[in-house]
Each structure stands twice: as structure tokens, then as C-alpha cells.
Amino acid sequence: MTRPPTTHAAVELQNLTKSFGLAKIIQGVDLAIDRGERHAIIGPNGAGKSTLFNLITGKYVPTSGSVLLHGENVSGKKPYQINRMGLSRSFQITNIFPKMTVFENIRCSLLWTMGYRYSFWHLIDRQNSVSQRAEEILDQINMVARRDELAGVLTYAEQRALEIGITIAGGADIIMLYEPTAGMSASETNYMVDLIRKVTEGKTLIVVEHDMGVVFDLADRISVLVYGEIIESDTPQKVRESTRVKEAYLGSVLEEAN
Amino acid sequence: MKHDTENSTVPSAAQPGRAPLIAMRSALPWIIAAVALALMPVVFASGSALTIMNQMAITIIFALAYNMLLGQAGMLSFGHAVYMGLGGFFCMHLLNQVEYNELYLPLPLLPLFGGLFGLIFAFVIGSFSTRRAGTVFAMISLGVGELIAACSIIIVVFFGGEEGVSGDRTMGPTVFGFDFASQLEVYYLTVIWLLLAALGMYLFSRTPIGRIANAVRDNEERAEFLGYSQRNVRWISFCASGFFCGIAGALFAINFEILTEENLNLATSGSILLITFLGGVGFFLGPVIGAVVFTLLQTVLSLYTELWQLYLGILFVLTVMFFPSGLAGLLAMHVRPWKIGKLGLLARPYVQIAGPGLIFVLASAAVLEILFHARHASIGAEQMSLYGISFNSHAVAPLAFALIVAAASLFIIARLAPALLEAWGDANHGDSP
Amino acid sequence: MSRFTNALMGSLFGAGALLGSTAASFGADTIKVAFIDPLSGPFAATGTSGLAHYRYAAEELVNKTGGVLGGTKFEIVPFDNKISAKESLIQLKVAIDQGIRFIAQGNSSGVANAITDAVKKHNRRNPDQRVLFLNYSAVDPALTNAKCNFWHFRFDANADIKMDALTDVMATDTGIKKVYLIGQDYSFGKAVAAAAVRFLGEKRPDIEIVGNELHPIGKVKDFTPYARKIVSSGADAMITGNWGSDMVGLGKAVIGAGFKNPIYTYYAASDGITKTFGKDGEGKLKLVMEGQLNPPVSDRAAAYTKGFKAQYPDFDIGQPRIANVMEMLAKAINKAGSATDMVKVASALEGMEHDSIWGSKITMRPQDHQAIQNVHIMAHTANDVTFDFDNSGFGLKVESTVEMAAADSATSCNMKRP
Amino acid sequence: MSLFIVNILDGFVTGLLLFMLCSGLTLIFSMMGVLNFAHASFYMLGAYFGYQISTIVGFWPGLLLAPILVGVIGAAIERYGLRRVHKFGHVPELIFTFGLALLIEEVVQFFWGKSQMAFEAPDVLNFSAFSIAGNAFPAYKVFMIFVAMGVFLVLLYILTKTRVGMIIQAALSYPETVQNLGHNVPLIFMGVFGVGTAMAGIAGVMAGPVLGTFPGMAVVLGSIVFVTIVIGGLGSLWGALFASLLIGWLQTFAASYNVKMADILMAFGLNQPVDMTTSMLRDLWSLTLPQIGPILPYLLMVFVLAFRPQGLFGKRET
């Protein structure tokens, strides 16, 4: 699913704010993410990363400001409407269909964009194009062997990989991942980073991540969110060197990492 | 628990060409069912057996339609009788139009109209009730159910008050010489519609919307981020369910030639929930098993004991507690041992435990029957007979005997249970061939 | 309960085998009467006590006096219809399959409507296995008017006849100036109200009907608001056709709210109701009913009632007409010389005159198959009550009698005879 | 006017009785997240136990013992039944309580038969406390008001002043976190279920003599209790109180004032059809307020849920 080339950024946030009661969690964020860019959002706990993520994906409605996808304002749209505009996301807590097989999980995620929508006049097993596409994605995420297992019985790392598969299956050109490697061992993390790089080839990727290794490995640009504001948004190298970032957040993290 | 076992039999996409509409392997059960249903009247020829089988067929359609909500889409409705009932009432009025106003409508087509009426009502009510799942949906369904049941008493013009609306199915044009006066002709009409409706519902579960309904049931938030409006998915499932409920209602109208308030009330809505759950919500065949067992209990067991509802209640509560996947789930548990060829391991412990088990059930029932008789029988009618034995229900000995037998058989069951569990473990252990 | 074993075995082999075994478990050479009424659920109390009376009446009045057709005995076969029209029709089919040709039912006019309709269709479609419908309690006037048919016989006085009799008595009470009507919102409740308005208007145009309302059947939790209206209306009497828990709820609320005047009812007795009212109902509750229990009309009636109470101490003869059903059916079968040719039996029953054990003459009116008999106004009291209800010391005592009530009333029945 | 005052009082009694049921149900729902379909069945058990005890030792011991007995049974059902089903999820839980309601009705019929029980108010209270324009107000109803208020105050005290109450209140607001605090949550669950059902038991003993003690009493009241707490807002005690009183008055006034649809339609300038027997709209023309009184709560619920799914006072959506 490719969109006609536009001059607009893939995702653009304009003076976005979000308050819960009196607490102002996001306090005016401006950010533009270009098409095809791999963008990481980092920041300390409680900085508002998940809130920002949920604002972009339509789970929360902004208090003020707006979210633009390909130049179109999506504030207040339902999650499914935003998805139909070409944005797909993963979740903080593994979010799959546990009582269906791996294959079904993938196939369900294909249906909308392959045009089946609410069809009750197609028999799903006869739609070979869907099945073929699902098999291809299974292959991409290296889960052909687990094809007929119930998703609920997979290992944690497998479920995370399946979730990536579900997220990219619909062919969205903006992929948003939330902590895709959380809770994984070093080797699993490496595997996951390679997988993400492979399946998001040529797409816009927005990833929220704790693991600085992953972030600096994967991202073209990094935005640092502290107390609901973006204090820096630049290439990994620049962010690493930024004094503001060091003071606010990264210093301690980087020192630990060294 | 709700894993649809059908899911794993999806033909591989690697197969060349388009898969046939229904693969031969999956068509076989349908053909067997059709042949069996066609031959049933040869075995059970009496009018009442036909009536009971018709009743079963109608209940099966209704339960399958209900399971499109509960099992397939995860929506718990406490007022689903409304859609079957309204479909039936409309069909009854259509029948009366045929009789009095010479409307040309062959009887075999009536269920189609019943389905449409059910669909229309489900569309209207679903427009606001399916916005949310869970408790909110359950409560709205309860409220709407109560409202329409109450309306059926108030709006006499349409619902006929507590007498209901009756008609005569034989007044329409004859179809190939059949006027549907005989119970046998009605049986075949009902059974053909049963097969059509069941096939329709089965195929629906294998369409994109059917699969997405499962997805919304399991994880509505995730489904939204796949591009689907959870509300629309529920609404469509609800309408489809309403359509098949309407067919069941039309068949009810044809069979009983009367529709009353009880076709709409909460007791009917409750019993379809009971039937579906008893059979097993996670399996396509679950509601079928539930409907057959329930109809037998209701029409047959009630001939023999006043306590049938007590037994039914106990059975239901035990099912919810110990076998939440229902009777079909119980059967499905044996699929794996069967597939890996170890079902034989279970035969011995099953046979061993069957005797004490049966004795325990009979003795427990005896305790209840004796207590009930002792408490409610009239003086002078202290004699009761149970299992062909006559005795005085007010004496201590029979009750004590029944209690001792029950306790003893329970003790034996407890002794045998570890062996059964061990065999069960063995039978499930091992690789699939 | 030996049938219970059959049930368990039967459910293993399926319905057909089972139904076969039930049929076999009954004796072959009796005349069976199917008793289709609620034996479980909320209305089971009335059903089970009716069944007890049927069994007693068949034994005492028919079998012990030599049976019919030279020695064949009656047998009552119970079928639980759970007061549902659908279940009734299923049980009707089961009964017919077992070879039963006489169907007795009484509780709920809705069910009676369903059965009379089904019997009519069945007899038309199956002329070789016709059945008779002996309606002993369902009193919706329509059953012997617009919906009448040749196979239906009603042994109870219908709602109009009872109201005719009741208003005859009320008309003589000059103290009554204002009457309040209240009933359940369905065909029977409406029929009672309409009849009351009509007859009071004819007989006592000066009586003001200060309230005429219907409440939802079986849905009212608390009748207090209704009771307040009734008390506030200043009514000198109230009339209600309520039955079951609606009768108890309404009566208790009205008495509790301070109503001191007579409450004329159709069904405020027996099945726990008499006991529940107890002394609160004394001097207030009146019942319109056929079948005089107190004072006993004859030694035979007294012995019959006493015998019943000895055998079924927890039940009452709440529906005395059951005795008439059994006696008149036996007579009709003897007269017809057949228990299988329903046209003959029905013709014998049509127009039959009978002296009831309860002291009344009974005529089965040929135009509409409605039994015409004496109707009594009875009082709920503890004085002079030989046979009480619910073993409570309270019972019904006849206060006044309307002989052969409504014998010449009109009927819209247009009977089609085979 | 006097009728109006009487109706206010009657509606108040009905509302308080409803509240005794609803408060227990709300407590249970708040703690365990399960709508107890069988709640009215415990109310019925209370009435039958009260009756049975009253035939042996009198009404007053019954008022005390019956609720305790009901509470113990409730706790046992939670411990051995509900807890087992809990792990399967909310829908099976709801279905379990639904099955329980059926079973309890059967068990009651097994022991007490199907007739109405002659459960009487104690003689001490069998007099008319006062009367307004000929309408007697029984002393028993005055007593009911006091008992209901007493129960409410005790509940309020427990919830706001005791440790257990604090935990329950915390569970009302933060259902997940309490489980992590190391409290014996299963025990609290069992206790709350026991207390909740015991309150239904009190309501049963109180209502049995007035509203009748018969096997259908749970069904008659059952869904109304549900409707009430849904309208009030699941999990909100104040919502339950408000909705109980609202429905108490709604039903009392609806039954009491004979508003006719014909009058309303004519006020809008419509003409009543001359021949009512053939008019398709005859049922609409003959409609009266008392006829539809009992279904008003359902109508209200459907409206509330369609427009405000969390109920009038509820904070969390279900």
C-alpha cells in the first residue's frame, strides 16, 4: 500500500498537548517525521512516551494541537480510521489474538487492506491471495514452523515477533512500535532488531524504546522527551553529544552503558 | 476455551488452484447428517417423536444463531428470544394473510421471510446495543428483552395478548402436492431448513467477517488497529444472528401454528443461553449437542420426575464449574488421544469408573427423590416406587440405604480417580504422528 | 417412579425408544385421560392439587362403582405443560401418540386457547384418531363463543356467567354505591372488567364505577400504590379476577392499606392463599364459584370430601367441578357405547343433564358446550366451615346461590358439527 | 395531596428495600467485578429461612439468624463455586450466577414446595402506625424504614471507619492495586460476598411478609435489582441509593396515577377512533401509565446505557 508522493511529512505533530485532569502530560510537542525515516522516541520514565504514542495512534484525543498523517489532521479520529490511513502500531503489553493460530493472526491482519473488509460473501479459505500473503509474512518473521500453533501458547519472544508481523501485515507505511525488545535477552534483542530492520524496509518507523543499544543501532533520528516536552530531536550522533540531553537524561544512562 | 478447533484444519495455501467451495473432507459430515436426518422418521415414526425432533431442529438453529454471538463474537445476550419470537410473530401474520387475504406464499419460503424480519429487528436494535461489548451489551439486551416481552402483553393487535397469535399452515398453495398437514411433511421442511441454516452459519464463520468477529471477541482493541470498527463487526454479527433466529422463529410458527408471549420472554432467552453453554460455546457443534440434550431432558425427563428442573440446574452449574467448554469440549478433549492413537489407554479406567459413576448418579437422584417424596407426598401415600422397587418413603431405611450406596460409590470413584488421571496423562502424552 | 429408570435408560437410546417404553409402562386396558397442566414452575401448586383431585375422582366416582362400558377403568396420565402453550402442544402430541383420546386441561386460558385450536386442527387432519378437550377451569368466555368448537367442553362457569351471578347478588346490596374494578392485563382480566361494567350497568345503573384498571400480570412487586388508590377512591366494594401471587399481593396490600369493605374475587382460595389471608381476610374476601363444600350438601358429598382430605391432607378440593368432569365423561362413554368414537361421545356429552355430587343440576348447553350450573357467592371465614382450605381453619362458606346461572345467556358460538 | 404524601412514603419504603439489595450487589460487583445474577435468589432464601425460623422460634430470632445463614451460604458458594469459575473470565462468572439463580429456585421448591408461604409480620407490629385520609400506614413499614436506615448506617460506618472498609473502598477505586498490597484478597472476596448476600437476606426477611414469600419472588425482583445498579452506575454506592429511591418512586407514582394515553393524544389534537375494536391503534389509545409502570425501569436503563454507559453515578465503564 503506497501513497502518492506528497510534500508532507509522514507524521507531523503541531503544538500537541494532553492533560489528564490537572496533570499536563504532554506540554506542546512539535515534531515532523519524514517518510521513510526511522525515528526513535526516548526519555525517562514518566516523560509521557506512551501518552504521546497513544495520541498519534488515536487511542487518546489531544487536549489541544493536532496530529497530521501525510498532511491530514487525524485528531479525534477513531483508531480504525487512523489505521486505514496507513498507520499501524504494536502495543506495550503483548497484544495478539491468543485463541487463534499464528496463521489466523496474520491472516486477520491482512483482511482490511486486501479489500475484504466486512465481507460475508467470500469464503476465507478460498482466497488464495490472502493465504499466500500470510505465508509470505510468516516467512518474513520466520514463523512458518509455528504456523498452526495457538498464538497464546508461543514463547514471549515469539509472541513479540508475531505482534510485529501483525503490525506490518496490513502494509501500512507508518509503523509504530512500542518497546519491541522489552524483556528480551541480548541474543533475542539482536534477532528482533534485525527483524524490525528487515520488515520495515522503506517504511516510516517510529519506535519507543528503552534499550539505548537498540535505539542507536536502529534510528535515523532520535527525539528525547522529558516531562512532556521534546528537548532534542536530531541524529543519533548529535543527540549523544547534546549537553541538554546529557543533563536531563542521557548522561547517566550512557555512563551506565559505557 | 473458545478455541475453535476448525481453525487448525485450514487447507494450506500452498495447494495449487482455488480450494473447492467445500472440500470433500469437510462435506462428508454434512452429507452424513443429511442422510441421517432423512432416515430419522423411519426409526422414530410416531407423531410425538416427530414433534420432538422438529422442536430439536428449531432449538438447534436458535442455539447455533445464539452462538454466533456468544461463541463467535463474545457477546452475552439475555434477551435473544426477541429476534426468534418477532420473526415468528411476523410469519404467523403472513400465514394469516395467506389464509384470509389470499396472499400467494408457498409455505417452504416462509422461513426466508422470518429471517428477514429477524434481520430487520437486529439491525435496528443492534444499532445502539452493539456499541459496547461485555456487561453493557448484556444489560441492554436484558432491558430490550424485558421491554418487548412486556409489549407483547400490551400490544394485543399484533401479539394477541397472552393467547398469542395462531394460524393454519395448510391454507397456502400446495407445493409439489404437499399441503403440510402431516407432521412428516413438516419434519422434512424443518430439516431442510435446518441443514440450510446450519450450513449458512458454518460458512459465515469462515468468511472474513466471521474471522474478524473472533478477533474482536478475543481482543477488540487490537482489531481496531487492524482497520476494523469493533462496533460494526459486532453489529454485523448481531444482524446475521438475528437473521438465523428469524428462520428458527418461522419454523416454530410452522410447527406449532401458534406464537405466544413465552416466545419472547426472559425464560426463553435464558434457556437458550443455558442450552448453548451446556453444549459448548467454543465449538460449532456445541449448541447442537446442547439443544439435543436439553430438549430430551425437557420433554422426556419431565415425564418421569417432577424434579427435572432441579437436575437440570445441577447439571448446568456443574458444567459451568468443571467443564466450561461444555459437553462438546468434553468430547473434544479426546481428539488428541485419538489422533496420537492412545485413546485405548482410557478404555479400561473409563469402564472401571462407569459402574460406580452410574450408581452414584442413580443413588444421589434416589436420595433427592425420597426426600422430596417424604416431604411433599400426601399422608397415606407414603409408598413410593423408584427403579422398580416399592417402599415407604417416610421410613429411615430406604433413605439410609440410598445415602450409603451414594457414599460408597463416591468412595470407590475417589479410589479410582488417580488411575484415571494417570491414564489421561499418558493418553495425552506423546507426539502427533 | 419406576418410570424414572425408564427415563435414564431411554435417554441413552433416544426419544423414540423412550416414548415407546412409556407407552408400554401403562396398563393397556384402561381409558386414559391426559391431564395437561403445570406440575412444575410457579403455578405447579394448582396443577398438582388438580391432579390429586382427578385421580381421586376417577377412583371414587368411576372405578369403584364398576368403571364404564362394563368394567373398564379410568386412568389419569399426568403431563407437565409448565403452563407454556408450546409445551402443552408437545405434550398433547405425546398423549395422542400414547393412544389417549381425552384431554383435560384447565390452568390458563392462553393454554386452553392453544389446545382447543390444536385439537380442532388435529381432528380435522386425523379423523381416525380424534380427541376430546375437557376444559375444567379455563374461563375465558371466548372459548365457548367466538372460538368454540365441537370437541371442546367447558365444565366451569365462564367469566361472564360468574360475573352475572356475582352482580345478581351485589345488586341486592343497597349499601354498595361505588365499585372499584382491578385485574390482570390480559384476556381474562379484561373479560372480567368488561362483564362487570356491563352487568352492573344493567342491574344497578346507580352504582358508580370509581376505578377500572388493569395491571401487568405477574410483574407487580408491590401492590401498595394500587391499594392506596382503591382506599382513596372510597369504594364500597372491589372486584378482581386476579389469581396466584397477584391475588395474594393485591389482597394483602388492600387490607393492609385499611380497606374495610368486601373484596369480590374469582380465585382467592386454596393453594396457600387461604392460609396466607387467614384472619385478615375474614369478613372481606368473597369468592364466586361453583361447587358447594360448606355446608356440605349431602352425606355423599361430605364423605367424598372427607375421603379426599384423608388421602391428600395437603391438598384441597379447590376445583369441585373435577368430580363432575369424571362423572359426566363416564356417563357419556356409557351412553355412546364407545370410548374411541369421539363423535358419539361428544354427542352424548352435548346437552347432557347431570346431578352433581355438589348438589347442583348441570346442563351441558348444546349451543356452545358450556356447562350451566348453580353458582355460589362464598365467604372466606372460620365459622361453620366443615372443610377448611390449606389446613388453616379457614375455608369457604356459601352465602348465596344463583341457580342455573346465566342459563339463557346469549352465545356467539356458531358450532360446526362433523 | 394526601395521596401524594402517602405515595412518597410508600415509594420511600420500596426504594429502601431495593437499596438493601442493591448495596450488597454493588459491594460484590465493586470488589470482584462480577454482576451477581443470583443476588435476588439470596433475598428469596432470606425470606424462606426467616419464615422457617419464625414458625419455630418466632419472627425476631428469624430476622437475626436468617441473614447470617444466608451469608454463610453465600460465602460458601463464593469459596467453592465462584472462585473456581473466576479464572475462566467474567462471562462464565455471569453465567455461573445465572445458573445459580435457576438452581436456588429449584432448591427452594424442593424444600418448601410451590405454594405461597404464610409468612406474617410479627403481631407486635401488626397495627396501623398512622393513617392519612383513610390510608393506613402499617407499623411494619415504619419498622422497615428503620431497619433499612440502620443497615445503611452500619455499612457506611464499616466502609469509612474500619480497616476492612478502607481496603474495600480502595478496591472500589483501584481494583488492580489492592491485590498487590499483600492483603488476603480471597478471604476479603469471600467476606464481601458473604456480607453482600447477608444483606440480601435481611431484605428478604423484611420483605417476605409484605411482598409474599413464594418461589417466584426472586424472578419478580431479580432483574429490577440489576437494572437499578446499572442505572445508578456500577460500583457506586451513592448511585445505588439514588437509583433505588428513583425507581421506588417511579414505580409507586406510575402505579398510582391513572394517566391515560388517550388524554395525552387528545391533548395533541388527535381524535380517538370511534370504533376501538377494529382500530389498529386501539392498544395505544387504551394505554395507561399503570400498565407500563413495571417496564419503565427497563426503558430508563436502555436509555441510560445508550447515552451514558457508565450509569448516572458510575466512574468506570464495564
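So that you can tell them apart, the chains are marked A, B, C and D in the order they are listed, and the count of residues begins at 1 in each.
Operating definition for what follows: a residue touches a chain if its C-beta (ideal position, glycine included) is under 8 Å from a C-beta of that chain, and two chains touch if they have at least 3 such contacts.
Bear in mind the structure is a predicted one, so any value in this text is a computation, not a measurement.
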* To do: Find out how few touching-chain steps suffice to connect chain A with chain C.
  => 2
* To do: Quick one: name the chains whose C-beta contact count is the highest of any pair.
  => B-C
* Where the CA atoms of chain C average out and where those of chain D average out, how many Å apart are those spots? -> 35
* To do: Find the geometric centre of each of chain B and chain D from their Cα atoms only, then give the gap between the two centres in Å, rounded to an integer.
  => 31
* Asked: So, what's the distance in Å between the C-alpha centres of chain D and chain A?
  -> 48
* Which chain C residues sit where two or more other chains touch them? -> 40-41, 44, 185, 216, 219
* Hey, what residues on chain A touch two or more of the other chains? -> none
* Structure fact -> chain B touches at least 2 other chains through residues 1, 150, 154, 309, 376
* **Each pair of chains that touches, named by its two labels** => A-B, B-C, B-D, C-D
* In the complex with chain D, residue positions of chain C that touch it -> 40-45, 48, 185, 211, 213-216, 218-222, 224-226, 228-229, 231-232, 234, 245, 248-249, 252, 256-258, 271-273, 275-276, 278, 390, 392
* **Interface residues, chain B side, partner chain C - complex** => 43-49, 51-53, 55, 150, 153-154, 161-164, 166, 168, 170, 181-183, 252, 256-258, 260-263, 296-306, 308-309, 362, 365, 369, 373, 376, 378-381, 384-389
* Asked: Which residues of chain A touch chain B in their complex?
  -> 57, 78-80, 83-84, 88-89, 91, 95-101, 103-104, 107-109, 111-113, 116-128, 131-132, 134-135, 148, 150, 166, 170
* Partner chain D, residues of chain B touching it in the complex -> 1, 70, 74, 76, 128-129, 131-132, 134-136, 138-140, 142-144, 146-147, 150, 154-157, 266, 270, 273-274, 277, 307, 309-310, 312-314, 316-317, 320-322, 324, 368, 371-372, 375-376
* Structure fact -> Counting only contacts in the complex, chain D reaches chain B at residues 35, 81, 84-85, 88, 90-92, 94-96, 98-100, 102-103, 105-107, 109-111, 113, 223, 226-227, 230, 234, 280-283, 287, 291-292, 294-295, 298-299, 301-302, 305-306, 309, 317-318
